[in-house]
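Below you'll find a set of structures to go through.
What follows is chain A paired twice: with chain B in the first complex and chain C in the second.
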Partner chain A sequence: MISFFKNFFKRFFAKKKDIKFGLYGPPNGGKTTLANKICEDWLGEKDAMGSASAMAHETREIKIKEQVIIKGSNNRELTFNLVDTPGIATKIDYEEFVQEGMAEDEAKNRAKEATKGVISAIKWLDDMDAVIVVLDSTKDPYSQVNITIVGNLEARKIPVLVVANKVDMKKSDIKKIQAAFPQYKVQGISAKTGKNMDKFYDALFEVTK
Partner chain B sequence: MPHQCVSCGAFYEDGAHEILSGCSVCGGKLFFFVKKDRLEELKQEKPKLFSLSDDDKKQIEQDVYDILGEEVDRDKPIVLDIESIKILRPGKYELDLVNLFKKKQPLIYKLDDGKYMIDVVESLKKMREK
Partner chain C sequence: MSLTLQFIPYSRIEDLTSYQRIDLLLDLVKNDQILVLEGRLRSEEEAELIQQTMASIDKKFTGIELSVVYPEKKNVDFFRRLHQQLVNIILGDRRGLTIIGPANIVKEIKQDPEKIQLFTKEKRKR
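After this line comes the complex of A and B, so read on.
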């Protein structure tokens, strides 16, 4: 009897483990734009996860938004911590930033921080309960970065939702992304315009089942 | 595993005291870890890194410490695994993602003797076997 109560209280008061949703992907896929859109839709906060930029490697540190509560179309609720990560790349060259008009010293510093960012994104991977892989649907999905990320998620048995972002662009090709990762659900969205965000939120429920 | 000083390129055998106390040629405390089968090759051709200017080398050392963060003590020797992250010049990085993803442990290991190791999974395995 005593142990029954003990267990009951233990369960009752036990701190519920927060689900961590990680946004992963190559630079400029739209991870931060999507993170900001989620925060705007459900917390009413604008640019909560920092600024997005056309220049690659704008996010160079892990950013976390705790206790995001979303509602699905069937009125279910899902609470999670949203983790925005720096874009993962195999090559980071300051000259690319210089070409876009950045001063050399600033560009070298950005490259250094971006490298550090890749390491911390990889370090955090094992802490994730589910991962949203954010890809630019106007680009070829068969890249070393994409395949390495998805392959590692698969090996770690972390649930994955693949997001084909930027479907508002003419060159967008969701089918190509579906063909590249047939083992996962691929949801086409535009984090910028908000297109298909309702379907994306429903897909989040599916991935945490 | 042999080591090579990042600053001047001097080579040291595995377990050499210089790796703990600093390079005897230049006093540097940052070392690359070199695979045995590449040692001869590296000894013959000077790696590109060592043709860099002193300022660039200093900058690279500074950048390495910045990337490693505050977890490391700058007075202690550090061994880097060039298989995972290559710094070609300040601001130019090549990352071997397959290698980086492989590590389940943190990328930085603090060893008992006050030396730090980064990414050197193979060396650690050998140490455990001993």
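After this line comes the complex of A and C, so read on.
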């Protein structure tokens, strides 16, 4: 009986330690680039979460990297499982992939996998302990997909960090993202060049407080 | 090309379950209707609508364009916020407007954030 309780508490607290950090957002926001950057910075692994692409829906299934440990100021440590999710969209047309040069069969298959990816990304929302919403700061943030993602996180009371990615680009406008989501901290970064990644890691500690 | 806009009063979906609401809206959109719904769906229903849309995508139906105009402002003073909360209690999800259109007809819906611009495209034969 004592061992039962011991195991129960051990499992309970072990689970609590395994924070799941989800990367969510529309396609092509830079979720996989950011996931790869985190893995490179703290695990020394390159392209650990797969390849990123200019073509939308490159990530079509959930990818998890377990036991990522990051260190902050004052010797703080944060251990989490990083979950990279497919971009959430309301429409997927295989003909757009064909127009970008993909063969028709391959495009149809990509579209089919992408629809399944969106469904599983939404289903996984319930399993997240905290979410990083990754937005392309060169694009209009007032899209319904962004609003729906944030609305669902609010409804589930999941802590959120909004990341304005691609600040290295000329058209980047963080203020527009801050105006769209004034209730959240918005951290501008470039996952590609590594700009502001130190501030991003500090923000991760804040969001899990 | 002619466009059909269908207005749906909130009373038509008020007593439906979430699944019934989504079925109704998706059936109409799949029949090339652009819907102007009085009020809004709950966040969870919007997510479910996206999931059901993804499950319905085929050669003919490529998805939806969705946009919600909601009159609530976020950076307002205490009394304005209190007023908004009281209106929300009385009207609930009846506030605002939701536009849903088939992606093969509606190219883009732009929110700015208090006005909506709907851009259409020529429907492709499939």
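We take it that the second predicted complex is superposed on the first by the 192 of 209 C-alpha atoms of A that agree within 3 Å, B and C clash if a C-alpha of one lies under 4 Å from a C-alpha of the other, contacts with A are read in each partner's own complex, and residues count from 1 in each chain.
Keep in mind that, in the parts below, a residue touches a chain if its C-beta (ideal position, glycine included) is under 8 Å from a C-beta of that chain, and two chains touch if they have at least 3 such contacts.
Computed from a prediction, not measured in an experiment: that's the story for all the values here.
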Combined model on chain A: chain C and chain B, fit or clash: clash
Chain B versus chain C as contact partner of A:E154, first or second or both or neither: second
First, second, both or neither for A:Y142, with chain B first and chain C second: second
Partner chain(s) touched by A:L23 [first = chain B, second = chain C, both, neither]: neither
Which superposed partner A:A56 touches (first chain B, second chain C, both, neither): neither
Chain B versus chain C as contact partner of A:P182, first or second or both or neither: second
Partner chain(s) touched by A:L204 [first = chain B, second = chain C, both, neither]: neither
First, second, both or neither for A:I38, with chain B first and chain C second: neither
Partner chain(s) touched by A:D126 [first = chain B, second = chain C, both, neither]: first
Part of chain C, among the options 7-15, 61-69 or 115-123, whose backbone runs into chain B after overlay: 61-69
Shared chain A contacts, counted only where both chain B and chain C touch the same residue: 88-93, 95, 111, 115-116, 118-119, 122-123, 125, 144-145, 148, 152
Chain B residues touching chain A - in the complex, by the definition given at the top: 59, 63, 66-67, 69, 85, 90-98, 100-101, 103-104, 106-107
Chain B-facing residues of chain A, complex: 88-95, 104, 107-108, 111-112, 114-116, 118-119, 122-123, 125-126, 144-145, 148-149, 152
Of chain A, residues touching chain C in the complex: 88-93, 95, 111, 115-116, 118-119, 122-123, 125, 140, 142-145, 147-148, 151-152, 154-155, 180, 182-183
Touching residues on chain C, where the partner in the complex is chain A: 42-44, 46-47, 50-51, 53-55, 57, 62-68, 74-75, 103-104, 109-113, 124
